[in-house]
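Both of the next two complexes hold chain A, though its partner changes from chain B to chain C.
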Partner chain A sequence: MESLVISKENFPEIINTIIKSYRLFAPTEENGFSGFNIIKDYSEMDLSYLNSRMPPKAILFNQTETLFLMKPGAKGSIKPKEIRNEKTAIFAIRPCDAKGFRILDPVFLGNYVDPLYKANRDNSVLIGLSCNQPDSSCFCTSFGDSPASGKYVDILFTDIEEKYLVEVMTEKGKGFVNDFSRFFSPASPNQIEAKNAKEEEAIKLIKRNLKVEGIEEKMDKMFDHPIWEEYAKKCIGCGTCTYLCPTCHCFDMQDESTLDKGARVRTWDACMFPEYTMHASGHNPRPARMHRVRNRFYHKYSYYPKNSGVIACTGCGRCIRYCPVNIDIIELMNRVSEMEL
Partner chain B sequence: MTENPYQPSLATIEKIKVEVTGERAIKTFRLVMQDKKIQEEFSFVCGQCVMISKLGKGESMFAISSSPTEKDYLEVSVMKHGKNTSALHETEEGDTVGVRGPYGNHFDVEGWKNKNIVFVGGGIGMAPLRSVVNYTLADKNRDQYGNLDIIYGARTSNDLCFKDEFAELQKREDVNVHLSIDVVEEGWEEFVGFVPSNLLRVKPPSKNTIAITCGPPIMIKFVIQNLLELGFKDEQIYTTLEMRMKCGIGICGRCNIGNLYVCKDGPVFSNAQLKNLEGDL
Partner chain C sequence: MVDQKMLVEVAKETLAREDVKYIIGYKKGSYGFQTSAAFAYTPKDVEEFIFTPLCNKNLAKYPLKEEKLPLKRGEEEDKRKIGLVVKGCDSRAIVQIIQENGMKREDVVLIGIPCPGVINQKEIEKRFPNQSEITDINEINDEYVFTVEGKEHKIPKQELLAEVCKTCEYPNPVLYDVMIGEEVEVNPKAEYEGIKDLEEAPLENRWEYWEEQFQRCIRCYACREACPLCYCSTCMADLLEPQWIRRSVNLSENTAWNIMRAFHLAGRCISCGACENACPMDIPLMELNKKLGKEVKEMFEYTPGLDIDAKPLLGSFNPDDPEEFIK
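Presenting the complex of A and B:
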């Protein structure tokens, strides 16, 4: 790992230089929330954010996208989707959201490779920005991660007051930094120390902890526990938690067509909706909200770890922040953790 | 270019056979891939599924109802129910559809050699079993299996699928067919009652026997219960499950039972597996 610094005076210029050769996504202000958008100038960027409302998973796994084009009808035909390879940089992605991609990789790049996700993933440089001010819903540290972790990004920026400390984490990151080397200079031990101090301070700001130890085994014994019904009674089934989750990846596939042209389109879907599992026969394996709420928490903390060896939650806190009825995953999972059976 | 696993291959409907008419209409579609190479390379095992789509109308997962010994085509038997299946029922021979697959695990027909097989089917649930029936009855395979008993029923005699094929099988010495319908009908000479009851009446011996069942969830439940009563062990009982599916390849998330996805970890499960599976069925 190489540690560099860039001065804040030079910062607008590097961003505007990157924009010339990259599709650059960065946090901007939209409708009172932060969101990752393609920016054309440094001035559009708004770094006074805790995190974006919509996770940057939407950049690699688009909310709605065409899978292929078709001519419908009796003598129909198919036109393959052109996979675009656009050089992309995601700037100021938080470590928790970058981890989200690491969790999504086995889903989209497993036995069957999703060509759209793969192209986006391969063509994107993840440039993280450490969280110096995590809030009361953040809990990345519960999973052994840190708000200033460079583990899941190619390059990590950390604001150390007069400069940014720039840690180059991967070969891809190295290539990127080399392309813009004139903006960077080597970091001094003091500057590296300043980053470590920022990280320590930030970790101290995270007050809440989700007790993950042994939770999967505990859940093996709690499938029929009344706690799921208790939380389901509160839930209104809006699906916000799934749409804003950096690891939720469920989607629907639908044909959209006129008489002579059409497309198969995929759109994010949510396990909170009853239609999600409804058979054509009318039978529904998850007919009640309790079944759907239970499935969501089991997917994150039991099924996904069983299949991929990692909890499908990064501690980003969005589901807590945006739940309209204040369902708190930390509170729920800690009750599960502490449950005496 | 990376292959797109969501993009189907084109196939021509070579033959459409009307199995059941009326409200719960069923047709069997014989499909041949338009690209000769794809057809030649398309190989599957009994119990596997394919995604079939009337382009522009959606896509649905079906069990392949033909036997893998028939290499020139594949067949699916489709009940008219939703948007895509209704559109499929309106197609004509020669029309084009999209096909993806085969997907999922399969019946262990290799491992079942020298065993007796009892098939217990209800309604459209006979479709995946037909693949195994025709596989085990194929000339080159028949002497590798023991007794074959087919216990099959539907609501009415009209609702029975593959009627003409059962009429042929009833003439054969090397397979026993036990049909049933749920309610009395004039002229019906075979069993009247539900499939699980017919199973208890036929009483197939459990020794060295595999039982495979498919039908409505409630039927499967009582068939398994009755098989256990007849002395079958959990490891001798297999079923194939249905779930709503979209991607068919374990990505889109909806067909899980516990941590397993029916599209890729199923659809075939033994009762030994089902018993240990905690999830929403």
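Presenting the complex of A and C:
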């Protein structure tokens, strides 16, 4: 790992230089909240954000994706979706959201490789920005991560007041930095120390903790526990938690056509919707909200770690912040953790 | 301020009734400024009940959300009533649902709370984003008083009051079995002030405005699920045969969804603002609902959710209708 610095005066210039050769996604503020958008100039970027409302997973795994185009009828045809290899950089992604991709990878790059996700992933450089001001719903530290972790990004920027400390984490990151080497200079030990101090400060701001130890084993014994019903009563069954989650990845496939043309599209789906598990026969293996609510927590804290070795939650806090009925994953999982069985 | 002791007492008495299975009220939330729905089955559960300016969710959603699972052999359906704590708007939702035959009056026992207005959740969380400690808020002399990190804040009520409350005409429950405390004064402010600017804007600008709003809809259906009047057993947005609205999330389908929902609420929306509060993308859905509500009021002299014996607007017909096409 290499540590560099870039001065804040040079910062607009490097961003505008990157834009010339990359499709650059960065946080912008619209309608009073932050979102990742392609920017054409440094001035569009807004780094005063805590985190984007929608997770950047939407950049690599689009909410609506056309898989192929078709023409129906005897002379019908199918035209596969062209895979565009666009050089992309995602700037100022938070460490928690970058970890989201680590969790999506086994799904889309595992036994069956999804060519669209793969192309997006391969062509993207993840440039993280450390979180100096986590909020009341952040809990990445519960998973041994940190708001200034470079573990899941190619390059990590940290605001150390007059400069940014730039940590190069991967080969991909190294290649990227080399292309723009004139903007960077080596970091001094003091500057590295300044980052560590920022990181410590940020960690202190995280007040809530989800007790993950032993939770998987605990859940093995709790499938029929009344706690799921208790939370399901409160749940209204919307898709906010799943759609705003950086790790939820379930999708639906639909043929959408008019008389003379159509497309097969893949859209995000949410396990909170009754239609999600509905069989063609009309049978639904998860008929009640209790089954669906339970499934979401089991998927994140039990099934996924069993299958892919990692809890499918990064502690970004969006599901807590935006749940319309205050279903709080920290509160719930801590109750599970502390449950005497 | 609502007398919390009295609320708990009344709720306990209600729960003790043989014909009541449980009561839905509010309790403290899990962090910061949140409150949560509470489902009380025992007197001990009832002791958690609160009513504060943060009780801004519409609990009228829950009786119809109750799931009736297939009965096991020998099991009998529990037909007892559900107790429900209602503010003015929540009670109007219940009235409207009863009017539409969505439930029967005898299905619910209503504990009415004269509502002095509730806080805009998004606004207070924006102002104090780091508040993880569970915070009590009191309303004292038109100010909200609370403590954040050891510092007492006094914020004028109007700054934090939810938009719908600023123009609420029915803060007192219109239907109840027991009322907690005295009725509150009705706000004299005109109900449709909030949409005046939008109404006066030229057509193209309005269309542009709504395109911008619908563009960011993610179709999570939080608006529908939070709305007490969205209780169709199958929403037309979920139908596959025919598929009225495609699953693709784009401006066209999002517009179809949002306009469809607004139309389905015309003459039914009781202005609680639950949809807008729930929307994770901050789409000003109440502007749409208010506009249609205004049309309904002006054209048909109809206000939803006031009288359980009235006919729902779209289920009524007037032989003397002045419109030519209807004859």
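One rule holds for everything that comes next: the second predicted complex is superposed on the first by the 338 of 341 C-alpha atoms of A that agree within 3 Å, B and C clash if a C-alpha of one lies under 4 Å from a C-alpha of the other, contacts with A are read in each partner's own complex, and residues count from 1 in each chain.
Assume contacts are C-beta pairs under 8 Å (C-beta built on N, C-alpha and C of every residue); 3 or more make two chains touch, one makes a residue touch a chain.
The structure displayed is predicted, hence computed values, not measured ones.
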Fit or clash between chain C and chain B when superposed on chain A: fit
Which superposed partner A:254 touches (first chain B, second chain C, both, neither): both
First (chain B), second (chain C), both or neither touched by A:115: first
Distance in angstrom between the closest Cα atoms of chain C and chain B, superposition on A: 6
Contacts on chain A seen with chain B and repeated with chain C across the two complexes: 252, 254
Residue ranges of chain B touching chain A (in the complex, touch as defined): 1-8, 10, 53, 55-60, 81-82, 85, 91-92, 94-98, 217, 242-244, 246-247, 249-259, 264, 278, 280-281
Residues of chain C defined as touching chain A within the complex: 29-32, 34-37, 39, 57, 61-62, 65, 67, 69, 125, 129-132, 212, 216, 218-222, 224-226, 238, 246-250, 274, 277-278, 280-282
Interface residues, chain A side, partner chain C - complex: 30-33, 35, 50, 53-54, 63-64, 135-137, 205, 207-208, 230, 233-234, 236-240, 242-244, 252, 254, 256, 265, 267-268, 270, 273-275, 287-290, 320-322, 324-326, 328, 330-331
Interface residues, chain A side, partner chain B - complex: 67-68, 70-78, 80-81, 83, 107-108, 110-115, 118-119, 220, 223, 249-255, 257, 262, 264, 266, 269, 271, 276-281, 283, 285-286, 291, 295, 298-299, 302-304, 306-307
